Each structure stands twice: as structure tokens, then as C-alpha cells.
Amino acid sequence: MKRAFLAVLPLFLVAACTGKRAAAPSKPEASAPPSYEIRLGKETFRLYCQTCHGETGAGDGFNAFNLDPHPRDISDTAFQKKKSDSDLADVIRRGGAGAGLSALMPPWGRTLSEAQINEVILYVRTLKKPPA
Amino acid sequence: MSTLPPLTAVESNDPVGTPRRIALVRPDTRPSVRRTEERYVMTFPHLILREVILFQVVVILLSLAALVFNAPLEEMANPVETPNPAKAPWYFLGLQELLHYFPPVVAGVLLPGLVVVALVVIPYARVNLTAGPFWEGKGRGTSLTVAGIAAALFLFLAAFRCWAIAIPTLLVTAALFAARGTQGPGFRGALSRLSLPQWIMTWFVVVATVLTVIGTFFRGPGWSWVWPWLSVTHP
Amino acid sequence: MSKVSKVSNDPRDEIRNEDDDPNRRQFLSRVAMGACAAAAVGSGVVTLDFLEPKVLFEPPTRFKAGSPLDYPEGTVKFNKERRAYVVGGSSCVYALSAVCTHLGCITRFVPDENAISCPCHGSRFDTEGNVTHGPAPRPLPWIEIGTDEKGELVVDTAIVIPHGKVFRV
Amino acid sequence: MNTISLAPLERWLRGTAVFRSIVRHGASETNRNRSLIVFENLFLHVHPVKVREKTLRFSHTYWLGGVTLACAVLLVATGVPLMFYYHPSVPQAYRDMKELQYVVDNGVFLRNLHRWAAHLMVFTAFLHMLRVFYHGAFRPPRQFNWVIGVVLLIVTLLLSYTGYLLPWDQLAFWGVSVGTNMAREAPVIGEKIRFLLLGGNMVSENALLRFYVLHCVVLPVGLLVFLAVHFWRIRKDGGVQGPSDDAAGSIDEAGS
Amino acid sequence: MKKDSLRLRLVFAITSLLFLIVLAISPAKNYFREYRSVQRDFRSLGMSRAKSLKAAQAYQKRPVAIEQVWLRDLDRVDRCTTCHLGVADPAMADAPEPHRLHPRTAHTPGDLERMGCTSCHAGEGLATVRPEAHGTTAEAESPMIPLAYLEAGCGRCHTSEKVSQASLLSRGRALMTRAGCYACHAVRSHEQFRSEAPPLNTISVKTGGEWIHRWLKDPSAVNPNATMPNFHLEPKEIEELTHYLFSRPVPRDLAAAIEKASAEPAGDAATGKKIFSESRCISCHTVEGKGNGSAPELSKVASSATPGWLLAFLRDPQAFDPVTRMPRYHFSDQESRDLVAYVTAEFRDFDAPKEILEPIRVNQTLAENGKKAFSRLGCFSCHDPIQGEATEKFGPELNGIGEKRAASLDFGKRTDLARNPPAWLAAKLENPRSFAAGLRMPSYGFNADDTHAIVTALLSLGSQPVPEAYRPPLSGSPAPIPGGAVGALIQRYRCLSCHQIGTQGGDISMAPLTHEGSKVQRDWLVDYLMLSFTIRPILEERMPVFRIPKDEAVLLADAIESFYVDPSIPEDPFAGRPEPDRNPVEGQRLYVTLGCRGCHIVGAGGGYYGPPLTDTSTRLKPGWIYAWLKAPQRWRADVRCPNYGLSDTDALRLTAYLGTLHGEKAGAKVGGKK
């Protein structure tokens, strides 16, 4: 059927002008809102992490002052650079004790799904401190 | 009609021009062969080609319309949500407009029924066959009768506040009187040549057109009067 | 047209007059007829294209058939909606179409005789789809079977595979 | 366009036995062949071999009957393919309109064409009637054909009206609801007519099916039959332009 | 004839050519439809991204055709995948639209065949052209939900007020409940909604004409936390309504109680202050921004209610408002007088004129007009609705508001708005009367964020109920509320205002009572009911002190012990277990290595987040500790205690360790037991 069309195509050239042109794919907006995953990650962070790590990730949550060792400042640029996503995921999954750190960081592998952990990491990556 | 004898066909055509036609002749009339000055042309190609061209033009124009304007398609039918206004197809909007003025039995049944009957009866009515100009040989009495009928009709319609018919009626009556006593070419001359049935048909066509136009364009929610150019469309 | 008053009234003259310029007349006729013919052929092609359905509202041919562990040797499970059997062999699984190769009736599995029989004309097949009794001309076709990422069996009735190609568990 | 290379092809085509078995006359070079074209063809033979030249004049018919017929032909040509994609059921009928619009190739074009041709046909049929009336072309011997014409006008209106319901959208549903409620007002039989037409007391799936059958079978067949009679009478009553004035007059006189 | 014949053929040739061309336009248009080029783009994009030859060939072989997802249960067809071919293709993770992989959500990837696209995004699934499919035209059947409001899509199936992973939607729905939208507008599954607006039958003795004037003029000017919206009343209407309110008869028993209370001598404000803080009023009420906010703001209450009314109300709030969330306390006559004395002295609007609580002389004509205005304005929807009677709602139905086409929305005078449903809804919320004269919806003064959330919630209201196959599983089952004496107590103390029982009840308390009988020990519960204290150190004010007498506390505790239990929780988890499983020393080791002290206090140190475990042995039942340790989220889905995946043995050892903890009575530490 399509071949038959091509055969008589020259006759349709006039008509072609009326056909709508495929528009170019729309450009992403300048200030795109955080993706759905990041928003979910923020929600999870707020529920499970913020009490100790604080809203900005600086390790200043209201539960933190009584803890020894103190929770890690995860918004620290050096820390963010040093740790890969899989490192972070490992600590979240197995807890501080599992990764050879303080046991005060609990393991979340059975509470959070793999996807939720990935989302939290996505969100944590947005917590970088602005360069002072 | 019953007085017409059966098998009547006075053959007046040119036997040379139409060699195949058989003339049926009544026994009591003398066969007459009249030669006319009318010219004949071959059906093919003159008529056939024209017909084909006509068909093509119709298809072309309709196709262009179909390419530009999409046939209307609204939301799926919803028996609980009546759109306002709910309108019938355009050719029934004259009737729907009529229903706005008269009781349903009159506007929905009697009047359309009358129109159909009138249309069927037209060719059989004696008055119609003479087809002479209406005013030909008519005196003062006719004028008074016409004026009387028009006035009565107008008053009747006015009583129903049916200006959509009353005003066209007045206009047609005015045209009827304007045509009186005129002759020759021109619009008024053409009017003066109209016969009585043609006047009645003109009145009917004008009224039907006015009603349809009003129903189509000038009626909004609750069948209220709207101006189409103000295009206020409240759902 | 009747303004040309000097022409004879005899219609036979018409052709004689027309014949003055036969080439142009013929050319225009051919253009017209050619365009009409092209339009007719094109309309035919377009109509055929129009009649070809572009979307189908049919149940998908792929279906999930559970875990391979559900099919120990000798199990025959019939999927009524998709018209297919899933059969467990010795450490393998395979799937058969349930449509009789004779006239397209849906066959049924008779557990007592461990055979597939067709209710319409009495064709019989064994559980590998081979014809054991006519009039079916061919064995039942074997259809594609595999597993998805979760290890669940997936059968596709649209894909016929060679007879005897089992899915090893 | 290269006409010369096509000429031998045409000659060969005209020479084949199959072609000659269908077209039994030569090229339209002679009046004899031109006559044969007309009366050996089923569709053309309602025409006389020759027509009065006046007939061709635009101002005598305005071609209004012709346009109406062209619309009718076009409506059949578009309506039949549309039937392939239409289910007269709720809500599939409406879904089918969307399918025509979004999925079926050229579906929306055919639907538009069908719709606009239907409107045009109602309009030109009405104008055709007016033209016949003002020209007095209903006078004897063509009274009966006028009546057929009135019937055809009504059938056309009904065809258009029954088709109006088929898309099953709000426009269709309420247009038909309003229309059938007018019929209800007829004394004695009105309610019954509406009940029969709708197959119930309200516009429902029954009504849709009934309108569908009327639209696609009953009314088109009726239209065809009456059209055939219409054309047959035109031919018998003296062609498109009708009997000349004096002939009509003489009948009238003979009658009176 | 010659010329004419030639001309005829010329015309014929021209019309024939035109005929051909015109007929060819539609097929040509069809051939150049957008989706075909989109699919060809996808093909080349896929081939360039393919990791293997086979994958590239698969892209190459893909036919250009309309794709669709047919959802039989929903009676819906989605053809979005005709252009969005890459929604389930991992290779298209960061491809440009329309080819991009769908972001991961609760339903993607994996649920495409079940959910389709329009279930969440709306839009016209049948369409294969962009404007109609996305519903960007005013006439479009179904406009797509804009990304900013996308959680509305979740709400089409998830009809509960709280939807996990959709915080905006949940917030919008909570705001709608708080604002009382359902009192005037019919919304599916909110048919039984009852506004918390107070009854007005005692208002004439409660407050004065001046206060009603001020309140009706703009409630939020009188009280920034007012739930009542601004009706933009004319001064005449305010006058009439005031007269009407004062003309209403006060029920005889209430009138008598108020009269009696007014005659009593004033109490001691200093004692009242102490009672106010001991009773933890600000667990629910706010005072100058401090407090929970689930009950009315009290900072200016003395300028809106007479002391007599306050006293009578405090003694039996439920007689004044049968559905109030306020419990009935056990205050003695003197204690309530002291409390009112404190409130009258302290919580006063010092700018208010003296006569603010002066009653007015009722003018019958004005009162008659006011009665009409009361019904014209729909006041009855929230105040004094007729109980148990499903009357016609005052406002238009909102079911299906989320599916409205822009063309069917009445924008009226608002020519400034974008012609789309969210803009329309937002404007309706922000300035409801700006669309046309005579509209009656009041303005609520929502800020932009609230509006955004409520518009999301509104867009989630579909016209059709959720089909059976798509109804999300219920998060819990309703638990029985006993009748009789126990039921009366539960009613009296309004336990459900804060605690959840099954699927019922409020969410102020973090302790649902559904399994309370299996959880805490009866004796502890009796003590706690008689003198409750805050269990978790981070919470300042919690369970109010009702001063429940012993017999009532025993009755309640026994009822809880027998009603609210979970049969899967063992009475004695150690039964039939070997000795090493009961080893508290091993348990203590686990307590340390698992980092429990990060959140819990035992002895001196530990985190402040979880409840202290100091008095575990007297508070909790061992079966509960064991069941909790095995799977904390089973008992409360959003609890922050991590699931450590403990083995039976470890869980039992930890249980055994916790069972050894018994500090001094914790009540002494916080509640101050005398």
C-alpha cells in the first residue's frame, strides 16, 4: 500500500504543503522542577533521615546532639565527592555497622525499597553546600 | 383532469431531428407535423460531459469543504445533561422556531402537514394552471380582498407575538402591492408577472427562511434571543 | 453557444465542424480521461488502504503461564482464552496451539487417555501434537515459550516454532 | 503528456475482444457512435440521443437537480465505506467516530465529505423544488413527477435526519430528541409513531439501531426507487426542459 | 459549435485534473501525519543508541504503525505510545521528548499494560494527533493534567485522604476537609461529611453584636486561624444576620447552665494558669502561635465569649456541640472557675471595645430578613446542618470537576485567565466572586501553595467511581468501637479526636489504639489513664490530663485489654524456647551493636527520637516487643524504627533484655506525680 503511494507521490506534492510539519521536540524548560524521583527522595529523607542528619544534611537534626559519634555532614562537598552512589546505597542498606562505621546509623535495607534508596541518594546529591 | 383524453400526445417535434420518436395520434385528430426552429445537439458529448463536469465540480467543492471544516462531533451523548439550547438539525430549526410561538399541535403537526399537502396538491389545483400574472385584469375588489387577508393574517400573528412571521408577511404584501400595475423589465416587472401560487410560495419561502435563520443563528440558551456576533457562549 | 447563428441546423454538421481541430480535442480528452483514470485507480488504492484495520482490539497473543515448576512431567494445562496448551515434559516445558489443523475447531485434552481430541471431526493428537487419528492433516503447531525477567513462563501464540523445540528448565 | 506513445496502446485496447464485448461502438467520431454511447449504456440511456440546445442553458435548470443527484451519488460512495467502521451500538458508535478521526486512514475526510454532502443535498433539493415551481415545470403532463419530487424531498430530509443520530454525540442525541418530540404532538398517532421510530420511549440504543437500519437500508432503497421513477418520468414527460410551452398549452386546452 | 466543443473539453480537462488533485490531498495529508515522522525519528534514535547489532536491527524492523494499550477493565484505549515509543525502553533514559523513558514511579515501569497512560495523566487516549491527545485545545474532550498537578492523577484511583508518595494531593485533600468544602459541594465518599463549625443556637448568650459584626465582616481579621471564609457581606446583610442570630432561641437546659455559670463568683486566675498547663490544652488549641492547631485559637477568646458561656461550655462541651472534638474533663466546679478566670484575664483582645460582648436588641423585621439571608448564603451547610438527613448540597457537585473540558467551564468576566481547568480552579479558589455578579462562594484566603494543593485535589475528582479491578487495597480494616459504658467513655474523652482505631480516628497521636491491648500492660495503662504523661521526650505537650477517676480508668483499660488485641501477637514469646533465647546479656549486646540508643533512652544516654525504654518491663508486653522487633512497619506503616531483619533468636534476646529494664516510675520524671 505504501509503495503505491510513493508511485503517485509527485501528484501529491501540492497536497504535501498542507500537511502539518512535525514540530521540533520541545526544549526542556530553563528551571525544571525537581524530578518526581527527587521529590519522592525528599519525602523519604524527611521521614527517615532528617531527624539525625538535619534538613540540610549538615548532621544537625534535633536527635543529633545527643549522639556520639555525631551524624555525618552529608552536605559536605568533599564527602559528596568521595562517596560514590553505590557507597551511599551500601551504607543506607546495611547501616553504619554493616559498613564498618558507627552502629548509630541503622540499616534501612529492609525498611526502604531499593527504589526508595536510589531516590534518597538522588535527593542527597542535591544537598551540596553552595560554595562559600 | 378527468376530462383529459387518454393517450394524448400531439407530436410537435421534428421527425427529421428525432428520427426514432414514434408519434401517438388520436384517431380524431389530423396528424400534424410542425417544424420548429429549435436546435438539437448530440447528448454525447454536450450533455454528458457537462454532467460529468458538474459532478466533478460538486466533488471538488465538497472535498475542499471537507478538508477545511471538520464535521461537528461533540461529547458523547449524555441523556442526563441537556445542552442549552438543544437544537434540531438546521432544516428543522424553522419548525423549532415555530414551536416557540404556537402550541405544539399547530406548529409541530398541522403546519408541516399542511405544507406537505399543499406541495402535493399544487399541480392538481385548477387555479394554478392558468399561471397568469396575479394582477392581470383584477380590480379594486381584489386589492381590498388581498389587503383584508393580509391584515387578518398580520393581526392573528401579532396576537401570538409571532413577529418572525408577521413582519415577512407584511413585506411580501408590500411587494405584492408594489407589483401592481407595473410592467416591463426590471425587478418590479418580474414581480408583476408572478401568479397567485407563486406569490403564496414566495411568502412561504420568505417565512421559512426567516424562521430557519432565526432558529439557527439568533437563538441561545433557553431559546432566548442572542446576537450571533456577540458570541457569548455560556455552557 | 446559440449565438453562433450562421451554423447550419443540421446536427450532422456538428461533427464536420468539430473535426477542424481533432488533435487539440483529442489531447484535452486524453488529459481528462487520464486524470479521471488516475483518480479512479487512486481511489481504489486508497479505499483498500482505508479498509485495512490499523489497530486491533484482540487479546494479546502473549500470556503468562506461571512458574516452570508448575509443570512437572505429564502436566497439560489448557488456556481457554488464548487457545493453547502448556505441557510439562521431562525437565522441559513446551506449548501447543489448541486449534485443530483440520478445520480450526478448538481441541480439548482428555486426561484419561492422555490425548488431545477434536470435538468436531474426531481428530486425535498425542500430547506432543502429533496426529494419531485423522482427519487432521498436520500435527498441532508448537508455539514460542520462554521466561521473563522474573522467571515466569511467557507463551506467544503468534509465533510458531519448529516441532520438538522444547524449553529446557 | 506524451499522447503519441499512448495512441497505439489505445488502438490495441480497442481491438481486444474483451473491450469490444463491453463497448460495442467505435470512437465517438461519428454521430452514430455518439448515439450508441448514450443508448447502449444502462446509466446513460435515460437520456435521449439528442437534446434541445436550450436544455443546456444554465438559467433553465441552474443544474440544481444535477447537483442534488451528484450529492446523492457521493453520499452512497462515502457512506458505504463508512459503514465498514461503524457499529450501531452504545457507546461504540461514538468511539467509532473517534476511530475514524484518529486511526482510520482518510476516515475523517470521508466523514466530513458525507456530512457536508448531506447538508448540500437537502439544500439543493429544496432549491430544485423552488426552481421547478417558479418555472411552472410541474404543470401537466408532469404533475405526477412533482409529487414524486416532493416524496424525494421528504426522503432526503429523513435520510439526513436519521443519519444525524448515528455519531451518538450530544448534538445528535438532543437534535433527535427534540425532533422526535415534535412528532409526538401529532394527534392520536404521534405517540405511536415516536414509539415505533425510537423502539422505546426515549432515545436509546434501540433508536440508534432503528435509525441505522433506516439510514443505511430502508431509506436509501426508497430513494433509489423514487429516483428511478423520477428520472423515468423526466424522460417520458419530454426531457429536462420539458414539453415546449405550446405543447403544454395544447394539452391544457384539449383538457379544458 | 467548434469553439464551444473545444472549450467544453478544456473545461473537462481542467476539472478532471483538479478532481484528481483534490482527491489526493487527504491521502497525502494522511501520509504526512506527525506520528509517522516521530516513529521514524525514534527508529534512527534507537539504532544510534543500540548496544548490540541485534538491538539495532530490532529498531530498524519496527514498523511505522499506530500503537495502543487496550485496557479492557477500564474500557479505555491509550494510543500515547504511538508517539511516546520509548516510555518503557531503558535505552531512552535521557532521550529528548517524545521518546524519553518514563520516570520511575509506583506504577512504572511494569504497569503500562494495566494502567495505560491516561489513567494518571488524563488526556484523550484515543487521539493520535498532538493537540487532541494532550487536550490543549479548549474543545478537547479531556485535558491532560499539567505536570505541576500530576498527583491529581494518583487521586483518580487512590481516593483516601492520605495517599503515600503524593504529598501535594494529600495536603490538598486535608485542606479541603479542613475548609469544609464537602459541606456545600457533593463529592463521592464524602456524603457523610459534617463540618466542624459550631452550632449557633447559643451564640446570643455567648457573644455580643459587635463581635458578630466584626466576625462576619472578615473572620480572619478577628482570628488569623479562622476556618470560616469571608463571605464579603454587605453591611446590611451583616446587620440582618446579627439580628437573626440574636433572635434564635437558646435551648432551655443550656440557657439555664449558662445563667447559673454567670452567677457564680470569679475563680483564681493563678490556679487556673496551673490547671491550664497541667491539662495540656495546647496539645490541641493554639495560643499565640504555640500549640498543635487542631482546635480553635484561644488567644482572644475572652473577647469573643462571655465568662458564663465559657464556664458552662468547659463543664460540658458535648452538650453545646454533639460532634465537637473537645473532651469532657473532670474539673471540679472551683477548678473550672479558676480556669475561666485565667482565660478571661489572660486571653483578651485588649484593643477591642468594651461593648464587644454586649447583646443587641432584636428587631424582628431585620431578623426575618436575616433568616432569609442565612438560607440564601448557605450558612446552614456548615452551621446546624440537619443531622442524619442527606439534604441537597448547597453548591454544585464536584465529582468530575477534574475531567471538565476548558470549553465547558464558565470563565465569565475573567478574560485574563489561561483557558485551562487548573487556571480556572485556582482563580475560583483565590477570588471566587470575580467570574460573574451574584456568585455566592466565599473566599478562603488560601495562599498560592494551598491553592496549588487544593487544585491538585480537585483535579483528582473524576466523574466515574473507580472500577473494582483498580481499587487500591485498603490500608487497614475498621476496628470495632464498643458501645455501652465503655463507648460512652470513649465518646466523653473523645479518644478518636487524636488516636486512630482501625481506619477511624485522627492522626494527632502517634499511638494508634488498634492493637493497644496487645501492646501495653493493663496496670500501666490504668495508671497512665489516671495521670497521663508525655512518653516521647521530643514532644512537649501530648495526651491531656483528663483526671479520669480510677473506676473509669479500670473500665477503659479492661476494655482495651479485651477489644484491641491482635491474635497473631503471642502472649508469651518465650514459650517452648530454649534457654539461650532468653539471654538478656546477649540482648544487651545486640542493643548496643544495633545502635538502638541512637533513638531510645535507656538510663542516662541515648537519642531523643523514639520513646524511652527505661520502664519497658512495666509498660510493654513481651509479645508486643517481640512482634514489633520482627517487623516494626507492620504495626505502623510510617514508623521510623528500622527493620533489622532480626532472627527469632536475636529478637527474643533483645526482648529479654528490654524486659529487664525498670527505672523509677517515668511518670514522676515528666508528669510530676505528687
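Letters A, B, C, D and E mark the chains in the order given here, with residues in each chain numbered from 1 onward.
By definition in this document, contacts are C-beta pairs under 8 Å (C-beta built on N, C-alpha and C of every residue); 3 or more make two chains touch, one makes a residue touch a chain.
Here the structure is a predicted model, which is why all the values come from computation and not from measurement.
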Contact distance in steps, from subunit D to subunit E: 1
Innermost chain, where centres are averages of C-alpha coordinates: E
Maximum inter-chain contact count - chain pair: B-D
Far-end chain from subunit D, centres as C-alpha averages: A
Chain whose Cα centroid lies at the greatest distance from that of subunit E: B
Averaged-CA centre spacing for the pair subunit E and subunit C, given as whole angstrom: 54
Whole-Å separation of chain centres (CA-atom averages), subunit C against subunit D: 38
Rounded Å distance between subunit A and subunit E, as computed from the means of their C-alpha atoms: 27
Subunit A-subunit B separation of Cα centroids, rounded to whole Å: 75
Residues of subunit A touching at least two other chains: 5, 8, 11, 18
Numbers and ranges of subunit C residues touching at least 2 other chains: 1-2, 11, 14, 31, 38, 42, 46, 49, 52, 54-55
Overlap residues in subunit D, where contacts from two or more other chains coincide: 31, 50, 53-54, 56, 98-99, 101, 103, 105-106, 109
Residues on subunit C engaged by subunit E in the complex (per definition of touch): 1, 4, 7, 13-14, 17-18, 20-21, 24-25, 28-29, 31-33, 35-36, 38-39, 42-43, 46, 49, 54-55, 57, 60
Subunit A residues touching subunit E - in the complex, by the definition given at the top: 5, 8, 11-12, 14-16, 18-20, 22-23, 25-26, 33, 35-37, 40, 43, 47-48, 51-52, 62-63, 66-67, 95-97, 102-111, 115
In the complex with subunit B, residue positions of subunit E that touch it: 1, 5, 8-9, 11-12, 15-16, 18-19, 22-23, 25-26, 29, 141, 405, 407-410
Contact footprint of subunit C on subunit E as seen in their complex: 1-6, 9-10, 12-13, 15-17, 19-20, 23-24, 27, 65-66, 68, 70, 77, 79, 113
Residue ranges of subunit D in contact with subunit E within the complex: 95, 98-99, 101-103, 105-106, 109
